[in-house]
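Every chain is named by a letter (A, B, C and D) in the order it is written, and numbering of its residues begins at 1.
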Amino acid sequence: MTDASRLHNWGRWGSDDEIGTANYLTPETIVAAAKLVRRGLVISCAIPLEEGGPVYPTRIQPKHVMTSTGADFAAGKPGSGRVPEGGIKFADDYIFAALQCSTQWDGLAHAWYGSQLYNGVAETEIRGTGAHRLGIEKLHRHFVGRGVLLDLPPVINQGARLAPGYPITADDLDRVAASEGVAIESGDIVLVRTGHLAWFYELKDKREFWQGAPGLGRTTVEWLHRHEVAAVAMDTAAIEVQPCETPGATLPLHGALIRDLGLTLGELFTLDALADACREDGRYEFLFVEPLLRITGAVGSPLNPLAIK
Amino acid sequence: MTDASRLHNWGRWGSDDEIGTANYLTPETIVAAAKLVRRGLVISCAIPLEEGGPVYPTRIQPKHVMTSTGADFAAGKPGSGRVPEGGIKFADDYIFAALQCSTQWDGLAHAWYGSQLYNGVAETEIRGTGAHRLGIEKLHRHFVGRGVLLDLPPVINQGARLAPGYPITADDLDRVAASEGVAIESGDIVLVRTGHLAWFYELKDKREFWQGAPGLGRTTVEWLHRHEVAAVAMDTAAIEVQPCETPGATLPLHGALIRDLGLTLGELFTLDALADACREDGRYEFLFVEPLLRITGAVGSPLNPLAIK
Amino acid sequence: MTDASRLHNWGRWGSDDEIGTANYLTPETIVAAAKLVRRGLVISCAIPLEEGGPVYPTRIQPKHVMTSTGADFAAGKPGSGRVPEGGIKFADDYIFAALQCSTQWDGLAHAWYGSQLYNGVAETEIRGTGAHRLGIEKLHRHFVGRGVLLDLPPVINQGARLAPGYPITADDLDRVAASEGVAIESGDIVLVRTGHLAWFYELKDKREFWQGAPGLGRTTVEWLHRHEVAAVAMDTAAIEVQPCETPGATLPLHGALIRDLGLTLGELFTLDALADACREDGRYEFLFVEPLLRITGAVGSPLNPLAIK
Amino acid sequence: MTDASRLHNWGRWGSDDEIGTANYLTPETIVAAAKLVRRGLVISCAIPLEEGGPVYPTRIQPKHVMTSTGADFAAGKPGSGRVPEGGIKFADDYIFAALQCSTQWDGLAHAWYGSQLYNGVAETEIRGTGAHRLGIEKLHRHFVGRGVLLDLPPVINQGARLAPGYPITADDLDRVAASEGVAIESGDIVLVRTGHLAWFYELKDKREFWQGAPGLGRTTVEWLHRHEVAAVAMDTAAIEVQPCETPGATLPLHGALIRDLGLTLGELFTLDALADACREDGRYEFLFVEPLLRITGAVGSPLNPLAIK
């Protein structure tokens, strides 16, 4: 059960609901979002998925492997068939990776507290064979909507990246939205930029990156709930501030957002190019399309989110 | 070198071009595509990515593995931190998979003949360390455009799925487009439905599925080139007809399209739900957004393509 | 708890024991086994570990991948260092595989019934993070001993492989031992040949191989216990007869042997060359050395068992 | 071609030979080695194969994953079959790992210089599909023989581990052998202990471990060749001294040993327990059995080498 004094959406969309705040994405919000396309400019929010990237210390690096290469054919491997001469040649590849090894989405089966996940799903439903409820495949037709970028550094920190440990408040979000002249609407996919991610690529010793991060603080939970935000994504690895504001707590907003609100999260989104483009045309709202891979029973997914202005 | 008598786009977008016909996607085509959104209906063209799916016989099945589960916590694994009580709990997962194990994209480094790939890139550039040129990451900001569905069975085969070995002709494509009242435009992403994929899920012995398939025949190469199609995707595993029309040839259109035209391909797209929706509202054009994963040096990518009506 | 009417070794070697019948391997048995080496002939019982091998239908094929090849260097990748000229070149590789994808060992954490494994270990000790008790690494200094080959076909079936579904009895084992002039001793590693494995490589449709197999029947449990056999290995995928003798049961001997007796098992051992060598010199006892990989928390291991005559 | 002024074994065992100095292992040497077993004591030279171990910086950590666990069954997954009650339960696992991620063997296809490997094999034979010549499977019936431990620290460095960068000389090896009262014989598997590996487990910052290591220096090549050593293994990651004695060279002994002599190498062997046992009984020779996994086309293999005294 969930604590009635905590904000939550259990039962809001029915006792069998498995998509949480993705329910705020409606045909109307999608039609309105499409109308935001003016320039025909596409900006990806994905970082390169490769070895050496910002993989959370509890996971191992992804490994991309080639099983057939041009070098093999140059070395004498024959092509297939007689036409064209020499046959057709194919390169092929595999990957071994944590689904959350790069720009990633946390699904509803990724985090919880107590013995239940979002909407009362028993934790025993998440097993060796995968997430039997709340799997990421339940969200495979979603996450098309109005994207809003809240670019914090220019407003909150004179343009500099927010410091590790800085807890973003609801006030911060409101100030930035006001400064940008954008209003948050039901069904929005809110992208919050801190500037933190670029720091990873500047560091010589990457271990520093994991010592702490700016991120959402506790006052943002009510804000996200009140605004009926469909999803939130950031340019940090864990969305919420680290170390946590509450002594002794570990990533409590993952519980408040994913488990209680049914609000899923995007992490390690690169938002610098998007921020540049928004600053350029003064518009911080756009069509946002970020399909998750339809992996049965997965709790997370890699993705390549696209902002379309 | 490429045979001057063959249709090709080498040099068309410069000698260093690495995205081929994705160049047909322009801000104008994207703005126009966004205007096609009327209903706010999102349809995914991804099949489930799971064991037991239609994996080409030259590859092995994908394996999704859980590294932390709700069952583990129920079995006594402690959560993290002291707040909330019992700590936060995380489920996590990994995957080992051929990048082309499910709904997939063939990049420009996936297929060629002779010793050069698209735009004269030496095959030795595709090595154990990946595709050093023409990698799929070069296409990570693309594939947003006007999608057009050419649903062949209703027009070509009385609604029944096309038979294995049926070579689709340029005339077939024209007939269907005319029947649907849709005109192909430069920069379009053309989706061709044969009905073949559903057959995989009906078969008891899946090996039958790989004996042959309907697909594009040789006359479609000039058609795709003339129409300046940005990409083509189908509900088959290999796009082109199998067995091939030309005796002794193996998948020659992969050479003609990917290598010569620089036209990349989508395979194992499920198009049945999209066809139903198009039939319902009579509109076979829509916004199509299909981001590829930004995997450095990859030759293919899994994806979840979304049609937005 | 275990049923007192069933044969078992719980508590026999202490309540904390995690190696079961490997306890029968003593310095004395090892010294005696080494004395059996006469010819200096080494015979491996491992089948090739490669794609296309006899992988149990519940698992996927192993995938061996090269991350650096000679072809890459021939294609232009530079060697390392200036000496010797051109530098040193390295090929390197990885594997993704079920630990029981080929010639394999079933550890004490692999099989059980009820809520406890061998020696009363709670099943909750076997979690997403591995086997916290009874892991295969507990057996990494074991399995050196006197090997005895019981070659059944010549005695039981006129030299032909045993038929699928044939339940090997204690009497069968005694008859063969007597015919070979070999007595089973405490601490022996008993290898039982049925001839079944070679059939896999003859079959055109490999799926037939999984329809049934000869194997140990229920009377062998007491025989193995009475003889204080340290381990048993066979040229089948599952040791015990399939389909099972008991209607409705699935692999019950895995429970009787692994869970109750603490007797671990080797599967998919190729015993044909060993049988030939034994027939040649008339000696069916030999030094047997079969190290398991020291994989922390694993429940199984691939291996290459060696018989030394 | 190989430089005639360099020591080499090309052609020594025929132009098609693919096992190099493993040819020194003969029935006679194996029979004699078995006679060395006196105590019946088995000592493993394998370190734990697990995440966090000493993986060479060019590789990624191994990942052991469970696909079925006791926790899953405790969470409600049913066992198989009706007998015994509740059915049989199986835990199962997979691994993704560099074949040289832990205690490992370097095969003849692992290292070379110029365009040829051992015995003139063209480097193009080592491709995306594996090592078509010199694969590690060629050595699957080998490496049973007389093991000799040369424990350097007590003789060379007052018992302390050798320092990073210390080049072991032929004289060092002779001194230690003399001190131990052991003579090197044709077909021996020589284990050289430096004490370096234990340092990895003491270090807080593991990156220090890779800054340099003690190891074989150039004078040992002739020594190994003259003594007809079948294989050499050490408690370091790369056998030879790092940084190299020769400025600008990178791991040149891998070329001199593997490519020129056809002498394969074992790395990351833990030799501390073995050294203790040898010091205890004063005997530095023993039966040594170290089977490699029979992985088709592999260039390396994990293993669990056993010394039997």
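The rule we apply is simple: a residue touches a chain if its C-beta (ideal position, glycine included) is under 8 Å from a C-beta of that chain, and two chains touch if they have at least 3 such contacts.
It should be emphasised that the depicted structure is a prediction, and the values quoted were computed from it without experimental measurement.
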{"item": "Type of subunit A:subunit B copy interface by residue overlap (half), same or different", "value": "same"}
{"item": "Fitting subunit B to subunit D on CA atoms, where both chains share a sequence, rotation angle to nearest 5 degrees", "value": "180"}
{"item": "Distance between chain centroids, defined by C-alpha means - subunit B, subunit C (Å)", "value": "44"}
{"item": "Length of the line joining the C-alpha centres of subunit A and subunit B, rounded to whole Å", "value": "24"}
{"item": "Overlap residues in subunit B, where contacts from two or more other chains coincide", "value": "63, 66-67, 69-72, 74-75, 77, 94, 96, 124, 127-129"}
{"item": "Arrangement of touching chains [line / ring / star / complete / other]", "value": "complete"}
{"item": "Subunit B-facing residues of subunit A, complex", "value": "26-31, 34-35, 37-44, 46-50, 58-59, 64, 66-67, 69-71, 73-74, 79-100, 102-103, 109-115, 117, 122-131, 137, 140-142, 144, 244, 246, 248-252, 254-255, 287, 289-300, 302-306, 308"}
{"item": "Contact set on subunit D toward subunit A in their complex", "value": "51, 60-61, 63, 66-69, 71-72, 75-77, 96, 124, 127-129"}
